[in-house]
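The following pair of complexes shares a single chain, subunit A, combined with subunit B in the former and subunit C in the latter.
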Partner chain A sequence: MAEVVHQQAGRGRLRAMFGYEERSAIVFLAPVMAVLMGVAVFPILYSFYLSFFRMKLTRPNRTPFVWFDNYTDLFTNELFWVSVTRTVVFAVTSVTSIAVVALLVALLLNQNFRGRRILSTIILIPWAIPYVANALMWKWIYDSGYGALNGVLYQLDFIDKYMVWLGDQDKTIFLIANAFVWKEVPLAAILLLVSLKSIPSDLYQAARVDGATVWQRFFHVTLPAMKPGFMLVMIYETMMAIRHFDLFFILTEGGPGDASHVLSWHIYVETFRNLSFGSGAAMSYVLALVTFALSYTFIRTLGRKV
Partner chain B sequence: MARIRFENVEKKYANGFHAVKDLNLDIRDKEFLVLLGPSGCGKSTTLNMIAGLEEVSDGNLLFDDELVNYTPPHKRDVAMVFQSYALYPHKTVFDNIAFGLQMRKAPRAEIETRVRDAARKLEIEHLLDRRPSQLSGGQRQRVALGRAMVRDPAVFLMDEPLSNLDAALRISMRAEIKELHQQMQTTFVYVTHDQAEALTLADRIVVMRDGVVQQIGSPDDIYERPKNTFVASFLGSPPINYIDGVIEDRNGDGVKFVRGDLMLTLPEEIAAKLRHSDRREVRLGIRAEDVDEAAQGGEGTIIRGKVNSVLPVGSDQFLGFDFYGEELFFRVSKDLSHKVGEDVALSVDLNRLHLFDKDSGQSLLW
Partner chain C sequence: MARLIKPQIGRREFLKSSAAAGAMALAGPARFAGAQAANPVTLHTWSAAVDTVQSHLNAFTKSTGIPVNYGNSPWAQYREGMVTKFVGGAPLDMMWVSDAWLPEWAEAGWIAPIDEYDFLTAYNSEAEDFCTDSMTYNGRQYGLTYYTDFMAFLYDESKIKEAGFDAPPATWDEVVEQSLVMKEKGIAEFPMMLAMAQESWLIEFMSSLVYSHGGRFTDDAGKAIMQHDKDGAVEALQWVVDAVNKHGIVSPACVETGELSGLKAFASGNHAFAMVAKYRLRMLNDPAQSQIAGNVKQAMMPKGANGDHNTVGWMRFHGMSAQTAKDKQQAENTAKLIEWFGGKSDGAYTFQKLLFLDIGAGFGVKPLFDDPEIQASYNSYGDVEMIKAQQALAMKKDVVTPWFGEWSETNGSAWQSAILGNTDVKSAVTKSAELWDELKDSY
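== the complex of A and B ==
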């Protein structure tokens, strides 16, 4: 009897805290929450936990707790700093190119001309291709024996013999960036096109009456209005670029030498080739923090005057 | 000095839409001209052609006898105020007003004085550092006016500048725009669909419909002597009442308008004009305010009907009036107390009647 009363009191408290709608929402959301806990929250927390251990699968029975050693060791690890430099070069090159090319594409698609709709569909194709498929395609294009790039340049007389494009330490990272840009431009262009389309035509008319030339209208009306779009593109593409893995894995495996040894590749090698899970987890956390910090900076600087 | 002349101007769009048809219009120097009409009548297109934002498809557009068909907007010495205000959202109020001068490479000191001057006149000096998003609708409107004023243009163009403001603000801004016109002593061309705005502001009104000018004249002209039923209905609140009937000229006791029991003796002035036409079926127009208590009028002026609705509007009241199944609206003094359902007799001011051809809608009094 006393137990029943207690139960009722408990249920009453729950009822007081959540209304009917909230309670049914909890019921409906519970399954997906459970799945997310299993596949996202737990691994995230567990890898954070792992990052405080010296854990190497070659010595599975000796995993001492090492406090922040995995993190502090990074700063003395030469290859880690190489990978940071490579990542920065890759990210800066690709994000800049994506922003510029996407802007041009968006401006083009914002014009009225015959075949605009079909062109916008065609331009979207790279976006629909999976990263791995894109990487394999570019591997073929860059191929030293029968690649399209060699073929085209040779027939146009730009080169007098076939080149091992990805074997050139100075070019590799830029060629990979090129493949990345090709894949990312469509989405960026659509995002920019949306902000272009939202500019009222009155503003252009007012600027024309005010005597602004085409360029002045672009700098005083178009660009400022596209700021939110640019912010989104910069944040998203920077995040994509510094974490990108597929192209490096398929095209070069970090090589030649360490020419394309970026952070994500470094983490992969450390974790799955050296089987050093502790330091791999630590580096993943560094990468996540850097991504977060960059996004935050972008939002603060670009977002201030939007 | 700016006189604007349209000679047989046409505007056709690529999609085949014929926005303006054979427009002939002479806008005088320093005149306040209002283009009035429902949406899609071509009034904004006409304004945009003056601004140079739309190309003239055919005909000539002249500024002071100089052909400007192909002159770009910034070389026409025009300034424009847009319905949406079209303020640059990322620029401060100061830079918004200054932009036109900056583009014309005016010296910095001059820009500074002129912007401050305009801001003072419009009482927005304290807002110069703000951005448009931080302003109220009325303040934005002033900034838009300032942007146009500061360049001291020869022609001032306004495209429904008050339609985004609330009712009270609209009336006070109306007065300010009128004052601005007097101060600036330049040509104003003003587009609106609001008849009250047109009547209060204009020196002359151009009424347009489907790209065709219906009538050009002073506000009084347009209101008192509409050329057709479209113009007559477009101005006046509540709108003019129409009664279809016939003209009779029996046994020499004057020309009469007859519909059922209604028999109005037309004054000599109107009757004289009707003698020239053999039209017998006409449409009579009575403006809502052109009636009075029956006791005031004599035989041949009375209209009878049943009260359908009584709508007090403060100063007076609107009477909804059933007349042979049609609802007429009259504006009567609120001293008269009428009840719904009661029969009522009103006397019509015969000198203010309008008569139109029943088929074409053209006035028979012109």
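== the complex of A and C ==
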């Protein structure tokens, strides 16, 4: 009897805390929350937990708790710093190129000319191609024996013999960046185009009345008004570039030597080839932290002035 | 009036009862089926010769009454998939194992030795020594041979003749000499094909070069000697570096050339010499697949100044899981299946012969070399005596250890860096040796 009274009191407290709508919301959201907990939150927390263990799948009986050793070991790992350098070079090259090319494409598509809609559709094609298909396509293009790049350059007399492309370590990272840019430009261009379309025509008319030249209108009206679009592009593409894996996997497998050994490749090798889940998880958290810090920096620097 | 008594069953009790009833319903038929027939043996392989495997399995079940659950997955994901199965405790009795994974899987306690079964080890007397060695770890044998092969030195006979030579090169110096003549005469820009891309084949290419130069990566105690000038890997890597950078007889693109693309380039007639797996010989002399069909011959692996015609051999074998070894009846049934595939079935090495005739896969049991059908098949695209002689000089990979995977990445990068001229040969090999010893100590 006392238990029944206690249960009723408990229900009463719940009713007092949450109204009917809140209780309904909890009931309806509970299944989704449970699924999210199972497939997203739990794996994230569990992988963080694993990052404190020297856990290697092939040594199932030896998984000591090592505190932060997996994190501190990274900073003395020469190859880790090589991968950081390669990642920075790749990200800076790609994001800069994407921003510039996408801006030019957006400016072009913002003009009224015949065939604009068809051109817009064609430009979207690279974006619609899956990453793996894109990587395989570029692997064929860059092949030193039968690649299209060599074929075209040879036919046009730019080279007198077939060149080694991906095998030349000085070119490797930039060639991969080129393939990445080709794939990413369409989306970035669309995002920038949206920004362009949102600029009120009054601003341009006022600038013309004030005698501003085309360049002055571009630098003083267009570019400042596109900052939100640029911020979005920079954040998104930087995140994509830092985490990018497919092209490195298919084109070079981190080689030749360590010429394309970027962070994502380093994590892949550590986790799925060496099956070291502890240190792999630690690296993944470092990568996530770096990505978060960069995004935050972009928002603070670009976003503040928007 | 009788009082109706409402049974007081809570939700938990209801769920428990339902679950128990469900479990009984599911277990019932299985239990009765078990009483009627043996438990099935679960076999997992990579996706090769699937139809041949399946038909041989059907024959096994028909002969013994033991059913087999057969599954397969692509080679590229096989190791990772199997590790996940082992860790997750998935049902698994027999599987194909690569010699490269044996120490790792044995140390982890995932696979069990099979040398307690005398009827299996009896086949060792007819197997190549390197095959038995490759299936042995810490003195215990873990399987019976599924397929074996070795790295072969192949040449395009028409190009040799065109260059004015009567015989293929017997030493690595002669490879350089003949290649330079071919370059000069415009027969091939890069006469020698080497595939040195970072992929799973890389260690086989490296090992062949090292062994034929008289070197080793490690000594018998497993300590790194690759950094030694004479009996290590220095001489072999120096030959590759010179071939690329000094003589220009190997393309600098070798660092991005994988086994398959190298094979295609050789089959297209771009090269005069190639190091490829011996079983590729059949494809290279098939007019439907190769532009140099009929001209591809095998020579003994050229030797270095301190070496012999040694090459590397590799093994894939049928193994038994450790969980199965604990169940006596299941282990015996699995051992029978291992014998059916790796040993004799119906008095002959049926599966190895089928596999050879189907996809040209090599075998590790010597008596098959005397089989007239196999001799005829080999001689239709190669020279069975040459194959037999080279296989007899094949050696197991001396780097197969639990830390092989971790070392292999760094070693591959070090060799590539030397080939690209980023570092000198000695430094590259020393770096690789240091990592080896470091990993050895940590294990």
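As a convention for this text, the second predicted complex is superposed on the first by the 292 of 306 C-alpha atoms of A that agree within 3 Å, B and C clash if a C-alpha of one lies under 4 Å from a C-alpha of the other, contacts with A are read in each partner's own complex, and residues count from 1 in each chain.
As a working rule, a residue touches a chain if its C-beta (ideal position, glycine included) is under 8 Å from a C-beta of that chain, and two chains touch if they have at least 3 such contacts.
These figures come from a predicted structure and were not determined experimentally.
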| item | value |
| --- | --- |
| Overlay on subunit A: subunit C relative to subunit B, clash or fit | fit |
| Partner chain in contact with A:61 - subunit B first, subunit C second, else both or neither | second |
| First, second, both or neither for A:89, with subunit B first and subunit C second | neither |
| Contacts of A:101 with subunit B and subunit C, given as first, second, both or neither | neither |
| Contacts of A:200 with subunit B and subunit C, given as first, second, both or neither | first |
| Touching partner for A:144 - first (subunit B), second (subunit C), both, neither | second |
| Touching partner for A:74 - first (subunit B), second (subunit C), both, neither | neither |
| Of subunit B and subunit C, the chain that contacts the larger number of subunit A residues | C |
| Partner chain in contact with A:136 - subunit B first, subunit C second, else both or neither | neither |
| CA minimum distance (subunit B, subunit C), superposed complexes, angstrom | 51 |
| Subunit B and subunit C contact sites that coincide on subunit A, given as residue numbers | none |
| Residues of subunit A defined as touching subunit C within the complex | 57-61, 79, 143-145, 161, 164, 166-169, 252-258, 261, 269, 272-275 |
| Subunit C - residues contacting subunit A, complex | 80, 83-84, 87, 104-105, 107-109, 189, 197-199, 251-257, 261, 265, 270, 402, 405-406, 409-410, 412-413, 416-417, 419-420, 422 |
| In the complex with subunit B, residue positions of subunit A that touch it | 200, 202-203, 205-212, 216, 220-221, 224-225, 227, 305 |
| List of subunit B residues in touch with subunit A within their complex | 48, 51-53, 72-74, 78-80, 82-84, 86, 88-91, 99-100, 103-104, 147 |
